[in-house]
Amino acid sequence: MNTEVGISLRDAIPFIPELVIICTGLIAMMLDLVVRKKGPVAAFVVFGTLVAGYAMCKLNGFNEPQSAFLNMFILDGYAGFFKLIFFINLILTVCISYRYMIIEKSSYGEYYSLLTFATAGMMVMASATDLITLYLGLELMALSTYILAGLMRNDRRSNEAALKYFFLGAFSSAFLLYGISLTYGMTGTTNLNEISATIQNLNIAGNPILFLGLIFIMTAFAFKIALAPFHMWAPDVYEGAPTSVTAFMSVGPKAAGFAVLGRVLFEAFGSMQVQWTNILIPLALLTMAVGSIVALSQTNIKRMLAYSSVAHASYMLLGVIAGTPAGLVSTINYLLIYTFMNIGAFAIVILLRSEGFQGQDLDDYRGLAKSNPLAAALMLVFMFSLTGIPPTAGFIGKFYVFMELINADKTYLAVIAVAFSAISAFFYLRVVMYMYMKDSDEPRTISCSPSMNVALAVTALMVIVLGIYPEPVLNYVKTVVFG
Amino acid sequence: MVPLSWYIILSAVLFCIGVFGFLARRNMIVMFISIELMLNAVNISLVAFSHYLQQVTGQILVFFVITVAAAEAAIGLAILIAYYKNNPTVKADDASLMKG
Amino acid sequence: MCIKYAMPGTYIPINYLPVAIIMLISSLIGLGALVVGLLVRPRRPYAQKLYPYESGNPPIGDPRVPFNVKFYIVAMLFVVFDVEAVFLYPWAVAYGQLGIFGFVEMMLFIVVLLVGYIYVWKKGAFNWE
Amino acid sequence: MIKYTLIPLLPLIAFVINILFGRNYIRDKAHWVAIPAIVGSLLLAISAFFDVAGGNVININVYDWIVSGDFNVSAGLMIDQLTAIMLLVVTICGTLIFIYSVGYMHGDEGYYRFFAYLCLFIFSMLVLVMGNNFLVMYFGWEAVGLCSYFLIGFWFNKKSAGDAGKKAFIVNRFGDFGFGLGVILIFLTFGTLDFVGVFGQAGSFAGQTINFLGWEVDLVTLICLLLFCGAVGKSAQLPLHVWLPDAMEGPTPVSALIHAATMVTAGVFMVARCNPLFIESPIAMNTVAIVGGVTAIFAATIALVQNDIKRVIAYSTVSQLGYMFLALGVGAFSAGVFHLYTHAFFKALLFLASGSVIHALHNEQDMRNMGGLKKYMPITYAVFIIGTLSITGIFPFAGFFSKDEILWRAFLAGDMGKFLWLLGTIAALLTSFYSWRLIFMTFHGDFRGTSEQEHHLHESPKVITVPLMILAVGAVAAGWVGIPPLFMEHGDKIGEFLAPVLGHPSGHGTHAQEWFVVGISSLVAVLGGIVAYVMYVKKTDIAGKIASAFKPVHALLYNKYYVDELYDTTLIQPVMKASDKVILGFIDKTIIEGIVNGIPNVIGVFSRKLRTIQTGVFGSYGLAMTVGALCIIGYLFFQR
């Protein structure tokens, strides 16, 4: 019985970017064993990422989607754009972390390979058209990030962060698996398209067990993108983890979570849109409330940014709630903008960290405008952007999401969201106030480095440019994501 | 003749036991074991489904779950040991350095 | 309504019945021997007798010393590598149908494992001291 | 298209380069960046001028900022005949003044900063005149205000300079507030901000009334008056004229470029640009005309007795701007723009020339300490004479044609026109008097300064005098594009050129009347000169006598009608007192702190409550997750 399965090496072609990234990680691991300094490793990772990005653009999945491995994996515009976000995220993170990890005395080569593996996991998630691949990608990402969170082995906060992240993550992935198994049981397949087909053919959209499956799956995703009440890991983990890792985590897994959320909800459970919209709306509102209210009473900047990222997740979710392709586009657009402004903000936090100076407390920002006007100005830009003040990119992101909500006549949500982003203005602008209106006496040393400067320049520039001239990017997203 | 529903109920019960264990117990090792229990509950239901659907998909997924669970166990234990080195306790409640 | 589930007849491994019987009998014999000994032998316990036997000299400390962390590490490595091997069986079975693709895939898989192995080795997880 | 986009872009690039690398690398080479940029803009502007000379209009949408459904915010450039004229004025004056500044600012420690700001200003001004919708115009409007603020306070370690900058900024706030309201009202009314769209619908909205603050007002009138508020502030008309004389604290090139040639005329440009709106509202037109006329004569009277050479020219600028508004008000938009255009030349000339004098006297600005300079600096003297002839309106200098056009149009505009004509004529008389007075006090008689100054007296270097001479040519010839038909067949080229945008002025009169107007204005021009000659050259004691004879009047004029003092006592002092308490004591501490901390504290109550949920024990986090999941399940099953 030598019947060839309909699968050949040619099938692996759309998978090449992932292969490149994984090989980069492996080689980085080996490289780390032979070279003492970590600079080459970091450089190599950046290089590999660029190669992967080039390969992806060459594959040109943006224009003609290519599926692989018996439709378990697809490279289309949607996945492609998310992968771009992941690449940007990875490169920027490496740029901002090199000097920082040395200061933290935990500059291991594994750090870079783990970042790469996590990115590979996210890429698989973005491309997964089958629950199995989805699960594998998610776990690859999660396991790597668990370790990253605990990378500072001798720092108790880091240990604790890793511990919490690991336990809760494992807990949530168990939920995901249970949901998958129920879905599989009800539909007899794990392929997203086939799932939706079966739901329609057998007309089981109202099936309670299927509901249960959907709910469990969404629970896991909600955990990844930190929606209340599944967000509670985020503040602690963000605070404890190395700041660079926090920056990485606050963007990558979130984006990946949205990628799978969008694909699963729209492709597999499109026929149950009413139901999942009804789940998401209260979640989004609760998240907004928790994120923007609790952030007010934070004095640790990392923790504050953690809550702010929770709040931002809810704004992004609004685009999904709008339930239209345009809404999803606005979410993706927001994600791109968020990548730049958030990493930028964390970069400034890292900038303040120097030997013997944590620089995580709000009070450490007193009089930054006097001691380091440039850093203060950049932080100002990022804070304004996070608040959503024109002409920064943050405004554009929020604006389009709200617009889509209004077009999907869910105006009340938009109004509430505006109110909450007004509240959020207080804690962002409080940082600005501390920098510009209070003054401090202790001298401050800034741990600058070339790569850091590059990262800051890029992020600030993008925040401004996307704020002043967003149209091309938006149109690009539109065309890329939905023809 | 064992009907499918028995397996499903079994797995559901096991899953709930796991969840309960995770929530009720304070020993991290035990919590960890409860998570493993949840995973295996899922495995049971997956195998049962795939057996009754006469497909292999479910069983393939089970393979992956097992391996991932193993990796997870390794990493979990590593993290646990790293934590234990700095603060020698396995009580979950003690891991509350960061809060609020 | 829901999808049709097949109801395959439940499967009883009849061929293994002798094995089962053998196991049963052998365990019975073992237990029987112990029980008989317990019944027939005289019992006069005193302190020295109840001492754990350490070739004459008195025992020191608690026999249950906690395991060295190194055991955990080795155990972890074992678990991981051994479980990964689980993929080899279905591959071997389906090799004929998978063809060259399956071969390359598995080689990649092995390479990844190998890299991990080298890494662990270099990190010195194997040398006991 | 890129060609037109480059016109404002080049100065912007120059600004960026200078501001980034000026301090460390470029330093005193800054003009090597700035001047090529402005010259490039000039050349492009000239080519643009020829592109639209044929009567076609360039309107390009540079980019859309936000496009969502029918909500669309975009920025674009429009070059029509009006814009083309403005482009030429801005770039030509800009180029000459840049060159002049190389000499004037030489050795200043803020050299690169100065050129950076100048470039930024030019960029803003070009955006202002090239914008194709009110938003872009508003952007430019605020930007030029900001630049002028920077440049007035350029010597920030000089307190008076800083104060003058603040004053200009604050006073302009009043006007700009009105302008902003006007723009908003326009958007609400017409649903768009594009000039084309707004002006297209202007007619259809004529006579519509809305309920504003309780009473019914004509919509278009309201819009026009709000816009005019901005013009009054920017162009220093009554009652917001107070900032311009103080703005003379800035370097003289700045006074020439910003506070004479370009920025202050932005108000005139804006009203001219909005002429389709204004002609729909007679009330607004009359307001413009009267404010202009009154300002013209008001400022002129002040200029009669000032002793600071730059302040005299500053008040004359205010007065001339009044002329332009007068013209706009009587519907002679092209006449107003024509005067704007000629005025740019001779007023820039006068400022730069006075700058050359000040330069020679080492920052001496008081004319009482000057005199007899003509033998020391002949070139400056010559160009000063030319400028004066031009501003006083002597045939055939530039000023003659534009001023005459204005007076003639006013004369034709009904009874109120006659009155305005009278105002204008009297203002012309005064203008001629104080201009000549300036000349005589500065260049004639014998030197009244210190011997040490006298020892250093010298003609300014080429880099200063050459721009002066070029401007002098302009001050002579610029008017020839507008020779009225009275003198020449199919004259008034500029009127014809601008007609597509600004339309033809109404009203016709006989040649006799026109000759009458021309004669009167020339007569008063000469008369003023003669009086000044008598008073300040022949019988120099007369001036003092008159001053003492009419002491109250003289004091009134010398103190600029006490307007500053009036504002000081009625507005500024109370506000300052309040703000000392409020801003420092209250806003800083209480409001800002209050907003930044207080409101958080209000919400902070919940915040702290919610915080406690985050116990730090991850078991409870798991519980929260489970409960959440259960809630969703329950929610769904209840809902079904």
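Details
So that you can tell them apart, the chains are marked A, B, C and D in the order they are listed, and the count of residues begins at 1 in each.
Rule of thumb we're sticking to: contacts are C-beta pairs under 8 Å (C-beta built on N, C-alpha and C of every residue); 3 or more make two chains touch, one makes a residue touch a chain.
Since this is a predicted model, take the numbers as computed values, not measurements.
Chain pairs A-B and B-C differ in how many C-beta pairs they share in contact, with the greater number at A-B. With centres defined as mean CA coordinates, subunit B is found 26 Å away from subunit A.
Centre-to-centre spacing of subunit B and subunit C amounts to 20 Å, using the average Cα coordinate of each chain. Per-chain CA centroids place subunit A at a distance of 50 Å from subunit D. Averaging Cα coordinates per chain places subunit C and subunit D 90 Å apart.
Shared interface positions of subunit C, defined as residues touching 2 or more other chains, are 3.
Residues of subunit A found to touch two or more other chains are 163-164, 167, 171, 188, 235-236, 297. Counting only residues that touch two or more partner chains, subunit D has 611, 614, 616, 618, 622.
Contact between chains, using the touch rule, shows up for A-B, A-C, A-D, B-C, B-D. Listed in rising order, the residues of subunit A touching subunit D in the complex are 163-164, 167-168, 171-172, 175, 206, 208, 211-212, 215-216, 218-219, 223, 228-230, 232-233, 235-236, 275, 278-279, 282-283, 290, 293-297, 391, 396, 399-400, 403, 407, 423, 426-427, 429-430, 433, 437, 468-471.
Across the complex, subunit C is touched by residues 1-5, 7-9, 11-12, 22, 26, 29-30, 33, 186-188, 198, 202-204, 207 of subunit A. Residues of subunit D touching subunit B in their complex: 611-612, 614-619, 622-623, 626. Subunit B meets subunit A in the complex at residues 8, 11, 15, 18, 22, 28, 31-32, 35, 38-39, 41-42, 45-46, 49-50, 53, 55, 57-58, 60-61, 64-65, 68, 71-72, 75-76, 78-80, 82-83, 85-87, 92, 95, 97-100. For subunit B in complex with subunit D, the residues that touch the partner chain are 19, 22-23, 26, 31, 92-93, 95-100.
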